[in-house]
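I've put the structures underneath this note.
Each of the two complexes below includes subunit A, the first together with subunit B, the second together with subunit C.
== the complex of A and B ==
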């Protein structure tokens, strides 16, 4: 068995595995394109007879998806901005020094990372009600997401700062830069890629966030797409082609971003979680 | 004043400022809720006292009532089943895929990365898609199983009390397999190749090499991954909301969904807080193990 033949065979098997694994995504898009009667046909058709492309603008209009998506973007951008501004500094300090206090800080950050949102939402809801933050529901969700996701961001970005050589910073200090100046003009630009990847991962998470938005936002005008999708799926629904169209519109930007930046996202993720 | 400014720009103050503000933020928005949660679980909370800090103290009454509820032990059992089945499924499938992609053919790393889309998708979308795939009469999952002669009649995954929990488990395994695979791949690629060469020269077969080299070398990765799996699985909420809502009749209810349901559907915030305290304690134990097993890597 020659090397090329072996490689081709393995690639074929890999493609088959990927096809099986990603079948649910394929089924989402295909169902969206089917007519109401074709959707419930037995045996199911694996390619739509008459693709209903008009369902995407129709569902977008019907469900007011512009508003839902806008709210998702507002919540995700707000969370990422807050997390990036606060988390980058923390990650830098945690990467630069090594003593008992840093270990304690790291331990705290790692422990805060694991608190499940659905368990934390009860005290957060009550505290936000007491302090009046709940009058600004989207801000409340942004604060809650920032507290939940910042530890993850810190862990990822800290790994990036660890790989920036300290000699460069020291050289800048010798040249007369202040600490702040060296951080701003030497260390940050060198860590830019890692920060960007972590920010993208956080954005994707926040874009799909559900528990906090569902519990803290009552007004439908302020709800993000995840809550909209949940409300669309009643217990005995039979509008599956429309629901799948909603899901497709919601998830396609995330999938496109991921496929484009796949290599960087995967390497950024693995460096933070384990290494 | 001048000294303060120069310390902020060029001294200790700079570091303290960078770490202090985020830490204060985390303490206010994670630490205080965490403590307040414990306080609240010992109070009587109703819709009227929700808006005031001072509430009657009831000791362990909330916990006692919670455990006395007939659904308490079944829900704890479901939580254990959900955790064990999800983690085992994700890990075994992820390991199998990681071993396959480890053979390293052209395009392997790109294709492997593609699997991770299941993990970056919003949980609600994953739930919606699986809800439709697992539909009883028209679901394609039943169709495939029938064609493979695994089942003879349709299984009503979401509404049959025997299968409702498993419908969420299946979706959760799909969601987490890719993440397991990626991290296991990283662990596999860090095993030095000469170990295998030496073993092969000594005449060790593929299975022996797996048991005596691969598994022992992967021990810390596997430990971290299992505890990470426990943490992630206990965070899983969206799939329950999107597929079964804990039903029918609590057949697929788990602790983390129940906590939310008690607080936000039944407005029983005190019991919601009590179950949260119990579960957070479980998560904390798992995370201590996770932190310990990754400490060497995290310290750099």
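== the complex of A and C ==
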């Protein structure tokens, strides 16, 4: 088997796998554009005969999606801000110090990652009710998401900090800076890429978060898009085109962001983001 | 001469590991001091303690008369050149050079001028706007040096700054660093594992082993009068030959190099019967015709570098002889070995101290 033939074969396999993987996304977009009758046609059509572009503004208006999306953005941004501030500090400490307590801390952090949201929600709900945090439902969700996603952020950012040589910090100390000053002017700029990538991943995760939002937010005005989408789907729903339109409006911004930043994200995840 | 740096009774423990043991060392203002020893001897720890990067667990360190033991690095006013250079990768050469000035709140115009002046003397003038990753190893080394110079600190600390350079550049930078030191009239402390660097660059050499100062003094004093077997073997290249011997009646010694005891008339300050080690540097042994030297030996093999010939004898222990020029001897040849009494070092076999 020649080199080029093998490469072409591998490319074909990769394209096939990508097609399988991306098929639901494709199906979401074309279903949104189909008319009610075309949607249930058998065999199904793979391209709508008469694309219903007007469904997007219609569903946006009908469901008040501006509010849902805004709530999603508020919750995601709040979570990212909280996680970035606390997580960066925690990751730095876990990266720079080596002793038994750090190992214990790291183990506990990783433990948190293991617990599923649906298991955590009951104790969180009880705690937030008792402390009154539930009176601020979006804040409550932000706190819950921060607790859930922090470990992921810490593990990623810790690896980034570990790739910044200790000698650079020592050089800054000898050059007359304080520990905090060296962190701000040397370590943080060098770890910026890694932190940014972790923050983007957390944002996307929080933007689509469902379990905590569904359980903690009763008022429809405060619910994010994920909960809005869920409310759309009743037991006897047949408005699949509208649901898919809602879903398209919801995920397209995230997809676009990912496509735009993917080179950076991939390089940030694979390399130490240095040099 | 005033003392610029003083260590008194400095100890450093890492848990149970005792890295520095009662170090007493004073360094004159304006001198170039080399800390030398095998890896793990504590030389880097001593330097880092001076910079404030390691907290010592006992004793005191003072710089320019001020006790700095508990001060953080930024309050010690020393500059350090790291083995890896530790250039800030996200800053240009100019920003690297002026980082300390920026931290100390020096105005922008003044910083730029200082950078330009230093860059002119170290040959970096054309590289000020490059990033470290765009520089060669030698250029990075210069940036690291310049970053230290720009501050006019109380002392320069070097942590094996030449070990990442190739051999030719290393020899060149050795001279350059020394010239820089002389020009600035600075006090420098230089850590190296390479005794040649220590010997050629320093005014004062401190030999460390296992956290203890084995000997300190002027380079040639260490070479001429090593205080113990370790220093004798560490200073000088190729290393000194050591022959186990016994002191005989009348003050001479009997050595055994594999073919029966051999008596050498050397005055030794030890009682008869004492076990000693006789040390002779390879460059102090000369080859003669058989029977004309102090004793005869067979040659095991020879290595020639063109300018010098290294001859190894077939004795136990083997002896290394360095001959200047080319020498027409081959392995298996029988030769005589000759040396002057003044070039003999005698050490106690048990304590390894000089007698």
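Quick note on the criterion: the second predicted complex is superposed on the first by the 256 of 275 C-alpha atoms of A that agree within 3 Å, B and C clash if a C-alpha of one lies under 4 Å from a C-alpha of the other, contacts with A are read in each partner's own complex, and residues count from 1 in each chain.
Just so it is clear, a contact is a pair of C-beta atoms (placed from the backbone, for glycine too) under 8 Å apart; a residue touches a chain by one contact, two chains touch by 3 or more.
Fair warning: this is a prediction, and the values are worked out from it, not measured in the lab.
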item	value
Which of subunit B and subunit C A:60 touches, first, second, both or neither	neither
Touching partner for A:43 - first (subunit B), second (subunit C), both, neither	first
Contacts of A:215 with subunit B and subunit C, given as first, second, both or neither	first
Partner chain in contact with A:70 - subunit B first, subunit C second, else both or neither	neither
Partner contacting more residues of subunit A (subunit B vs subunit C)	B
Partner chain(s) touched by A:186 [first = subunit B, second = subunit C, both, neither]	second
Partner chain(s) touched by A:178 [first = subunit B, second = subunit C, both, neither]	both
Touching partner for A:170 - first (subunit B), second (subunit C), both, neither	second
Footprint overlap on subunit A, where subunit B in one structure and subunit C in the other make contact	178-179, 181, 274-275
Of subunit B, residues touching subunit A in the complex	8-11, 14-15, 17-19, 21-23, 25-26, 29-34, 36-37, 40, 45, 50-53, 97, 100-101, 103, 105-111, 113-118, 120-126, 128-133, 135, 137-138, 140, 143, 174, 177-178, 182-183, 186-187, 221, 224-225, 228, 231, 234-235, 237-238, 241-242, 245, 256-257, 259-260, 263-264, 269, 272-273, 275-276, 279-280, 283-284, 286-288, 290-291, 294, 297-300
Residues of subunit C touching subunit A in the complex	51-53, 72-74, 78-80, 82, 84, 86, 88-90, 99-100, 103-104, 133, 147, 151, 157
Residue ranges of subunit A in contact with subunit C within the complex	165, 167-168, 170-179, 181, 185-186, 189-190, 274-275
Subunit B-touching residues of subunit A, taken from the complex the two chains share	6-7, 10-11, 13-15, 17-18, 21-22, 24-25, 27-28, 31, 39-40, 42-44, 86-87, 89-90, 92-98, 103, 105-127, 129-130, 143-144, 146-148, 150-151, 154-155, 159, 162, 178-181, 183, 201, 204, 207-211, 214-215, 225-226, 229-230, 233, 235, 240, 243-244, 247, 250-251, 254-255, 258-259, 262-263, 265-266, 269-270, 273-275
